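Letters A, B, C and D name the chains as they come in the text, with residue numbers starting at 1 for each one.
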Amino acid sequence: MLRGISLPLCAAALGLAVVAAPLGGRAQADDVTLEVWSHEADQPAKVAFRELAARNVEKAHPGVKVKITWYEKNPMLAALKSALPAGKGPDAFYLEPGFVEYITAGYVIPLDDLIDWNNIEPWARKVWIHGGKTYGVPQEAYTNEIYYDKDALKKLGIELPASGQFTQAQFLDVVKKTKAAGMTPIAQGVGDRPFPGAYVVGEALLRKLGPDDYLRLFTGKLSFADPRVAEVLKWTKEVVDAGAYPKNFMTLKLGESHYYFYLKPGALMLPMGSWYTGRAFVPEDKGGQPANFPLGVMQFPAMDGGACNECKTSAVGASFVINAATKHKDLAAAFLNAMSTPEMGKMWIETIYLQTGIKADVKNFSGPHAAYFTELMERQKGAKYFIGAPQDLTTGECKDAFAQVLNSGFPGGLLSVDQAVQMMNKSCYKG
Amino acid sequence: MAVITVERLSKRYEGGSAPAVKEVSFTVADREFMVLLGPSGCGKSTVLRMIAGLEPITAGTVSIDGRVVNDVPAKARDIAMVFQSYALYPHMSVHDNLAFGLRRRGVDKAEIDRRVRAAAAKLGLSEFLQRKPHALSGGQRQRVALGRAIVRDPKVFLFDEPLSNLDAALRVSTRNELIKQQREIGTTSIYVTHDQVEAMTMGDRICIMNLGEVVQIGRPLEVYRNPANTFVARFLGNPPMNLLKARLEARDGRTVATVAGVAVELPARMTAALASQSDRAVIAGLRPEDIYEVPPSGTSATRLPVRVVAVEPLGAETLLALTLEGSGEELVARIGRDTALRSGDRAEVALDGAQVHLFDPATTRAIV
Amino acid sequence: MQPRLAPLRRVPLAAFALFYTIVSGGPFLWVAVMSLRTTAEIFKNPYGPPSPAHWEKFTDAWDKSNYHTYFWNSVVVVTIAVVLVTVIGAMAAHCLARYRFRGSRLVRFLILSGLVLPPQLLILALFQILLDIHLYNTLTGLIVVYVATHIAMTVYILEGFFAQIPQDLFDAAKMDGYSDLEIFWRITMPVGAPAIFTTVTLNFIILWNEFLFAVVLLTDDDKRTLPLGIMHFMGSHQLDVGMVATGLMIAIVPVLLIYGFFSETMIKGMTAGAVR
Amino acid sequence: MSGLSRRLRGILGNAAATDARAASLGLLLMFLAPALLFYAGFAVYPVLRTFYNSFHAIRPQGVVEFVGIGNFRSILFADPTFWKAVGNTALFTVIATLVDVFGGLLLALCLFARAPSAGLLRVIWFTPVLMSYVVVGVIWVWIYDYDWGLANAILHWIGLGAYEQSWLGHPSTALWSVMGAHIWKWLGFNMIVFLAALYALPGEVLGAAELDNCGWVAKLFYIIIPMLRATIVNLLVLSFIGKMMVFDLVWIMTGGGPLWSTETVSTYVYKRAFDWNTFDLGYPSAIAVLWFVIILAFIAIMTRLLRQRDRLEF
């Protein structure tokens, strides 16, 4: 009889064992593990930066282990979206200011009393203030720039004005000349991101409209049918029709567009946030930019009759927040603080070559990319910043329309100006 | 050593209008070989399965050695069964097939092996012990199925048409083999078949069933000679018994049967019993072999005028399809191989009144 | 009787056969070659031969690119799920094929209706349910979902086969003293082995390749199954084409190996649901 | 109740104890319970919950709000993306199903007509069926790659360089390109099924047709296809269902872009559920429910229509 019963028993036992195993695996008595999820797994300098902060926390708090799980952005967001509603997820995690829904949903907690805000630039903190409370610790700051190949520009016989900024007509001319020389003018692709395709048109709109109307445009208060918007779109359309973007614009991924720009097949320009270097400055055999690449930085072109041609987008990128469901609030705050000391700010700039929201006093740049960073700082002189990017300003249907129309369909040459205006207005304009 | 008694055994399937088995009763004596014979659907297999414990019993009892076993599960009745499809375990070797029933019963390992080898030797399977059933011929499989029953050394053997999947030649030899084995072992056996030859040759007794009921039980020749009704009369024998319309008439103070206008003399034992029943319709049964072209000497032959419809020479004998001149009824005769009759001939055939069977047209039962 | 063609017409037939062989096999061959070349080599000439052949890419992918984790996760999930769904499905199929009982038609209908349930209808709710019972983002949760969603097909195939096993065999077993459970374990399972094997191969292939449930129900890198692992590499910033190709081969090779040995069974398994 | 009591009598009483095909409730449960538990818990319950979800808006922190048919009304009357997805899915389903089934028949006939080394070809042609959507998707993304993909390379080699393009990057080609990859994966499947059906055809009939002086084409249209009707119908329905739910390959190859040109109902459901940052599962559930109902209706209509004709024919 025993033999007969053993089968279903086995099956049941197996099933139970399977069900039970993951539940029982994680028990620890005294040791506390702080779970952190972070994007930017493929940027070694940032990995080193955050891991160092983690080790520092561990040193200061014996018995504590800080475990950072490194993700790609989309999988991480997917994981967060499912874990947080269940009251699960990491104690602290990477987030960008655009993801307001995490705040409105109450998934992250106010940090006003937990963080040493003296270490943080006020303009960066402001991005994370909603309803009088601060929800995130800004870490990365960036500006939108056009990177370009200095040698190639020279070869075309074109000189960049001292201001670093072409006029809109000059820019169109540069595009045409580059194309005529058989080179792709602008390396850009929207295969895996909802924003790079809109760099040119977005920055142009900002300069033409000025910060206030620009904000109104992307918050549904200004129509895309506004004549100034139409003018910008018309100019952009000319740039697009001149063959500015690669043929595989639609499917080219962000990383591939970098590679496209500096290596194969090569392009004159790459409009990108200044976080570009986070990935470009890795060793060449890891896919990074060649050591001798003549990297230059230029401003987005000035618009005719632009309300604010000295304007540029600055945004806070990588930031960290604390899960409302955490059981280790103070430890998580300690980790966030450990990443925000002036020393860490200095390390950020010196190893990542990127702006930061951490107050850092860096006067003398050294290292292999010092020249680049000096040039980047040069381009910030006299600039008037608009904080926030369209993909962060828009929500829901309008966000989807932005990604599909201004980011991809329009620069991809699939839509006329009228169509773009109509589609954007339908999804965004509430006036 | 066992006696099986079946008493008023009935089976009614859920949703079925008529019972599949109606109050069947019989007793199988110790060491007896009982054959359940009947056309398909007559309920004989159901009776067998109820005895085996594979089918719930609606009413009545099955007893083994006087003990009612209705509530005893199949495995505890100490019965072995040989199935029509043999039901060999296809994933086990011959050896394991034979050994399995014993292992289940906790028989000692050495003893199992001894018994398996003995049975295999007896059935000529020794060299196939390691083969799987699919690598055996039909006859070999049949023997394995038999062997599986034998090794168990049960109180009772049940056979459910075990030969019907074999071809004709093999069937005859296997039949003989089976009889030999059963006689040697002497286990009480019940054997279900629809084949009258098997029934006649194998059974100590035959139990004939029709429409869920027992029609007649008796020794084979007894049943053959004295069929209890027209069903048995036609079911046993090949070609079947000829059934002709007849009348009983009183003639010269004796009762005769007139068939197609011809008076047939009946034997004395009959006339005595029928004395009071003259002038009524009956059915006269006449086996084909009791019709002669030339009557054997020393018998009182009656002659019937007939027309020959067809002649079927079978070699050893010849079958004649005939129509009676008087009534147009058809009948079949089995005569010697040297007949000169041809299709279309008119002739007279002879019959012996002593061989005539009489049945009641209303009840189909035998008269006398 | 098989149709024969005149020799003249055989030429276009052979040409077409060759053409489709290239179409169906070519892409695979291309990836196989790429799996032995570095990304740099591939970008230099996407269609070059694998010389030198970088076999070390497989060990690299295995060790450094986490493919061993993905591979073993797939092995664990698929093996346990296939074993469970086979045993559980076989028990149900045996019961439906063997016993007469009130409501058996209802039970059969209920289970077999799972054949037409689209995964899209389940996935959102499964996500919520696994969160509720804390099986979200666990291999256990994925296994449970795999078992539940593949029972219908398993029962469907097995019941059809089990029903053909002659009743005599079960009667014989009963007289030999088998209990009902033993009859299942000792008769139905071994005798039904061909059908079991068919469902095992079918379920193995389907689950080894499964993407939708996995992508929704798993998030951690160290819990990814192979298809998710490959997608992860496709999504990463610096697209390492050579390494992805190696990963593809790691995912394909087990299937191809089994296919090489059991191509007939696998073909039968994959088409089992369609041939009625 | 009477059923239960009868069943209980069955367990306790002697009647059932000896019936080879009867079983006690306990025994039945032992055999069926595991399957039913798994099935009920992780297939039936999710379906019910999806239906429940579809009538609710699910907000962050577990707030569930009843909205009646609000979701359905929005989907049907105020969601152009949904209708775009429906159009794409319908096109995909019809074209890919037809090509799959009749292409598969063509391949099967090819082997049936004794193409050289048919046995080997059969195995090779079936191989794509075994590959996962991820593998197929990645391979075909590369084939369609603008810079180094096989598609453009071949065009270039045969002198049609002018037609080189970003296959997955343009709305006019993206859906067709994905369809091509999908068909590539499934052709072999249909072929195998047809081949089995072809070999099961009674040889006498084909022989008789030959005696009736039927050419190959005539034989195909007058004998083979009519006799394969049941198989064709089966495969059409099967393929149809599969394509109505197409997700994996589209998601892997294009994610629904560019400009919603490859958005299918399934990818839209996924997007609304997990990519839209709304945390609302109610609306996408409503789409899934709506689509399921439509699929069921189509299956019912298809089988009804095709069965009707059967009755007329025989």
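Quick notes on this one:
Just so we're on the same page, a residue touches a chain if its C-beta (ideal position, glycine included) is under 8 Å from a C-beta of that chain, and two chains touch if they have at least 3 such contacts.
From a predicted model like this one, the values you see are computed outputs, not experimental measurements.
Under the touch definition stated at the top, chain A and chain D share these contacting partners: C. Comparing chain pairs B-C and C-D by the number of C-beta pairs in contact, the larger count belongs to C-D. Of all chains shown, the one whose average CA position lies nearest the global CA mean is C. Greatest Cα centroid separation from chain B: this falls to A.
Distance between chain centres (mean CA atoms), chain B to chain C: 56 Å. Chain B and chain D have centres, each the mean of its CA atoms, that are 59 Å apart. One finds 16 Å separating the Cα centroids of chain C and chain D.
Computed centre separation for the pair chain A/chain B is 94 angstrom, with centres defined by C-alpha atoms.
Annotation for chain B: residues touching 2 or more other chains are 49, 53-54, 74. Residues of chain A found to touch two or more other chains are 8, 11, 15, 78, 82, 85.
Listed for chain D are residues 20, 22, 30, 34, 141, 274, each touching two or more other chains.
Every residue of chain D that touches chain C in the complex is listed here, in rising order: 3, 6-7, 20-23, 27-28, 30-32, 34-36, 38-39, 41-50, 53, 107, 110-116, 121-135, 138-143, 148-150, 153, 184, 187-189, 192-193, 196-197, 203-204, 206-207, 210, 216, 219, 231, 234-235, 238, 241, 244-245, 247-248, 252, 265-266, 269-270, 273-274, 281, 284-285, 288-289, 291-292, 295-296, 299.
Residue ranges on chain D touching chain A, taken from their complex, read 30, 34, 60-62, 81, 141, 144-147, 165-166, 168-171, 254, 257-260, 274, 276-279.
Looking at the complex, you find that chain C touches chain D at residues 1-5, 9-10, 13-14, 16-17, 20-21, 23-28, 30-31, 42-43, 46-47, 87-89, 91-92, 94-95, 98-103, 107, 110-111, 114, 116-122, 124-129, 144-145, 147-149, 151-152, 155, 167, 170-171, 174, 180-181, 184, 205, 208-212, 216, 227, 230-231, 234, 241, 244, 248, 251-252, 255-256, 259, 263, 266-267, 270-271, 273-276. Residue ranges on chain C touching chain B, taken from their complex, read 166, 168-169, 171-178, 187, 190-191, 193. Note for the complex: chain C touches chain A at residues 39, 43, 80, 83-84, 87-88, 91, 127, 131-132, 134-140, 143-144, 179, 181-182, 184-185, 216, 219-221, 232, 235-240.
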